[in-house]
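In the two complexes that follow, chain A is the common piece, with chain B as its partner first and chain C second.
And then the complex of A and B:
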């Protein structure tokens, strides 16, 4: 087994085998070489299987409807054309819903960050009286929830149906993110805040001027965690929003693939062109909704990984 | 530390002040840390309103609820709704489906990340390893709606999977219309979406294993396989146990959103689970109390599962969540 820790990946040629060899295994046996080959094949398969659906969707979105129905489109577009893209992008409702997604994501993320930061900061103060209770209040909700129906009754009776608040408030604090942030604050050197206190800074001042500037990386990570989850969410919107022009784009796509209601949501599209445009239209909508995530993915991926690991430190 | 007047803990314990004021520890804490407490007010309000009120709202499972009426129902009916669903054959069907899907998900989605992490750990070329990792994390970032839409396109009669089936001489299969296929479709899409991301914690744990242990195992004549078995796996056991407990905690809530997107009346016999059933009861038949009773039952079982798994693992392997 090869570990990635520096200094252990020493010489690996058979010539360097003797005592100085830090690598595990008595010698690279034939069995091990066979294993390496099999491993490479398996991992290649993993990559292919993971990526295939993406390539397939793009190929379908760029194809003519006829070859799709004939079952001929796999990796390469058949009868290349952009008609479906033009159709979807000329549907004003698509853009309205897309804009909603952006607005909901921005507002919800802002609220989430403020609430999560405040609470995580409080929970990171170990000498605070009642801290245990405050932690318990949050952690208990990870394992027990009120359930769908009482939540729906509550949101309805608060008069939040068909308003942005139904989408941005009910999931404002994610307890996992909260614990990640708490772990980060706990890891900050105590002396800094003590010095700030000695200099006469209040708790608010310490948080704003000392702690937060030191926490830019974790806040960026949290923004990404929340933004991606709000960008991707559909169920709360599906449940609480009835008006077409309030929906986020995920629900637009959901209505499209749900078929029955698809005609109504893709209304302009279905009427302007033939009804059988369904398959390409779906593929195009999938591509257009996935695109922003794919575009930022290479840049945000490592923040996510480090965030998850930070959370794991404290369990 | 937290406020201007607070001294670091050790000296504070030595000063006489806390002893003198011990009669009103809360008043003292409030006076000293009121700014900190004030920061907790809004978050607490959030938890109270959006987490704990719905828990209390579960009383409608014991009361007659009519839409438009009181949030907490009209009058007590005791365990009527619980007796109703325990006698409901559909409930037992969706209960069984939940258990089957939950078990299958656990069987595949828990061990496969471990396998993939071990395989990745054997890759010598760093760039290749990083590339495989990056690709395998990707599905995690997609909306469930997009995943469901992709599944539908791949499995449609003209989709790639059916092309493959026809290429090897088979007949096209309407996968999403046949109850017999639903479990396979659900579990494989779940694997596709979660396995890569699931490796992160294991890969992190693998780098923390002491290299000397491998050295010692080698001296004892252990081959690679035995080193994996006796050193690597015990090394990542705490991570495995923690993730197993968390997996068990979500056992009852099996992929509600994904099932809601992928199932249809034709596949109800295998696809309908407790959460989707109560969703339809509540929002298609407006049986709010009945649905709430089932939801409460589900949540309580989920809680018991987590507590149980946690206790068992603490007693047997000494690892627990808290």
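And then the complex of A and C:
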């Protein structure tokens, strides 16, 4: 739902400009100017295409029901009203599930960051014996998994079903993130750590006082990656949680939309009930669900670009 | 991004499930008749029209399909009153409606399924039969007097035969209707009919004339623009036009059609009736009477066209008429009048295509080993099949939620609302009391099924009930290996049929190529497939008389 791709391309263009201004004497070639124009047009189109559906949803959430049905709502709300917001916000289950999502995201992200950092830091040390095996174990899980039913049996017999741990512990380490982080740690100058060791810091001291302060960019990036994926995820929660007051808001949203569109599969239900969630209600729930995670983006984005780059260039 | 992950997980799940199902071997079942160790809590004298009450407090876990419109609440009167009447406490395992089927597969595959598994639509239970996780309920009908009584009284044996597996048993306890309940038809703008001095059409041919007149008056419109094109294009439209020709297609697609004259099955997509369906719809599209987008557009697009007066006819059921179209039109075209008309009649005559079976309940095999097994079957029988149980699940408690007059007419109490009957009511029958819940309440006696219908819908049902029910095809249950083979043949066949149906109807392929198309079906093993079905049918006849 929250995509990263087009945004990351943006900051490159302003960065290019001061460089060209410095060489004031040389005019940019014609080819370069054409390229810039095309670039701007294409990127603008990409932005429009990416933004349009979201703006449309926001407009719908603020609109009256009639113009939506008539297909008149595009970018600007028609017949502005907030009834749907009031309606959604008055459902206690929505807020219970919303709180769950926040709690799950915060706890899961914290656990993931701690585990991933520790694992990645260890793996970045070339002198570690059995390093290849440890990397192999992690990478293996990228390609093979026990599958749904064995996983379910595992979680159940560990007694984690219907608890927060079923959501935050499995998949706590994302192997892709682990490898990015490992590459980043490998790129740190080894002399820094040697100096710290000479000054008497233990391994943990080095990690906490020297390495981590230098790794804010990559950690911010990882927090963003993890937080977004936990915020959006619904499948693990759906698998392991049987009580609706434990579910995250994503499952609530999914059920709401399915209830509105799945009238035919619910034939028996439709017999006596047909009050389907109106288009505005869906839009409002979508807006309220995506808003917080969207708000996080602008603040972390600057770290995000440099963070991934730092890990990636290491050759 | 997470959509792709989901799909990968789903594929992994499907693959694993298959492995698990193949891997699990059926253990030796206990002797079906020996129930001496399973009678704890059961009533010795349970019978028809007798209130079930367990002799000791019992609790049974149940898989619960959680509907977003009336989310599960623990303090529903339904739960407490149920326990008061039956001494049974249900422990719901709540699953969101959006992914109920998936969770059900997972729980059954993991051996963690609750004992009672409702909301299963035939043939979904087939997938679980070979694993041995589901109880062959047909062995235990003696424990369920109300169910047996209704099968006999309403003459439902042929319908039940269609549920049988190749071992001659069935594994699903379906919901029952006294009369077939036709839901889907088309809705027509009667104000336009009046304006053009036309009668409400009764047959598909009359509809053609009506559409033509509408087109002549409003040349810019497509008079008929339909919805419900998912999961297969033109799902509902093909289904009702097909029914009028005596075949099951579209949503109700059934690849094998019983030919009573030849006493064997034939492939639906190659029949003469199927061709007639295509020819008819092709005519509508060619003369621009039917919107070609009917087969692909979303429901919302179809609704918008109707609301904006760009179309005058649309597929409908009782709910969409009242909840979608009329409110839409009231906002955009206040003078418009829309009516759901009785299902149009075609060459097959005046028939009612609806089935008398509903979705139903599966029982986990684990229940058989429980000492409360007999009590549980009696409980299920009372709740789902007794008149008292059905009335309770649908209407609630007399005096609290509803009242009933001498003629048997139900009325909601004034402060209880349901489908807008008491808009001022402070409480909702489903949301606040838990009655009229799709998990527990469906089907039943005609007067019970219709007790919530508006006078208008009653009128529609009266016409439909006067018609002959579509005869049920004889059973032809496949064995596991056969089913696998059949689906290998049937999947590409169905794709080919759907693709070419659209091409023919939309005029992308000339109808003169019909014979070539039938040849293509043969090349894709249509004959082998039908041979398999016929063989299964003969085997069933031989084994079961």
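Definition applied: the second predicted complex is superposed on the first by the 237 of 315 C-alpha atoms of A that agree within 3 Å, B and C clash if a C-alpha of one lies under 4 Å from a C-alpha of the other, contacts with A are read in each partner's own complex, and residues count from 1 in each chain.
Basically, contacts are C-beta pairs under 8 Å (C-beta built on N, C-alpha and C of every residue); 3 or more make two chains touch, one makes a residue touch a chain.
Bear in mind the structure is a predicted one, so any value in this text is a computation, not a measurement.
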First (chain B), second (chain C), both or neither touched by A:152: both
Greater residue coverage of chain A in the superposed arrangement, chain B or chain C: B
First, second, both or neither for A:32, with chain B first and chain C second: first
Which superposed partner A:47 touches (first chain B, second chain C, both, neither): first
Which superposed partner A:93 touches (first chain B, second chain C, both, neither): second
Touching partner for A:81 - first (chain B), second (chain C), both, neither: neither
Partner chain in contact with A:187 - chain B first, chain C second, else both or neither: neither
Which of chain B and chain C A:129 touches, first, second, both or neither: first
Overlap of chain C and chain B interfaces on chain A (superposed complexes): 1, 3, 69-71, 145, 147-150, 152-153, 232-235, 239, 251, 254, 256-258, 279
Residues of chain C that touch chain A when the two form their complex: 1-2, 5-6, 9, 12-13, 15-17, 20, 66-72, 93-99, 103, 106, 109-112, 119, 175, 183, 228, 236, 251, 299-301, 303-304, 307-308, 317, 319-320, 322-323, 328, 331-332, 358-359, 394, 418-419, 430, 436, 438, 441-443, 449, 452
Chain A contact footprint on chain B (complex, rising order): 1-4, 6, 8-9, 25-26, 29, 33, 35-37, 39-40, 42-44, 46-47, 49-58, 60, 65, 71, 116, 118-124, 126, 128-129, 131-132, 134-139, 141-146, 148-150, 152-154, 156-160, 162-163, 166, 172, 192, 196, 200-201, 204, 206-207, 209, 211, 214, 217-218, 221, 223-224, 227-228, 231-232, 239, 242, 249, 257, 260-261, 275, 278-279, 282-283, 288, 291-292, 295-296, 298-299, 302-303, 306-307, 321-322
Chain A residues touching chain C - in the complex, by the definition given at the top: 1, 3, 65-66, 69-71, 93, 145, 147-150, 152-153, 156, 229, 232-235, 238-239, 242-244, 247, 251-252, 254-264, 266-277, 279
Of all residues in chain A, those that touch chain B in their complex: 1-5, 8-9, 12, 22, 24-26, 29, 32, 35-36, 39-40, 42-43, 46-47, 49-53, 56-57, 60, 68-74, 114-116, 118-119, 121-122, 125, 127-130, 134, 137-139, 141-154, 157, 169-173, 190, 193-194, 197-198, 200-204, 207, 228, 231-235, 239, 250-251, 253-254, 256-258, 279, 282-283, 285-286, 289-290, 293, 297-298, 301, 304-305, 308-309, 312, 315
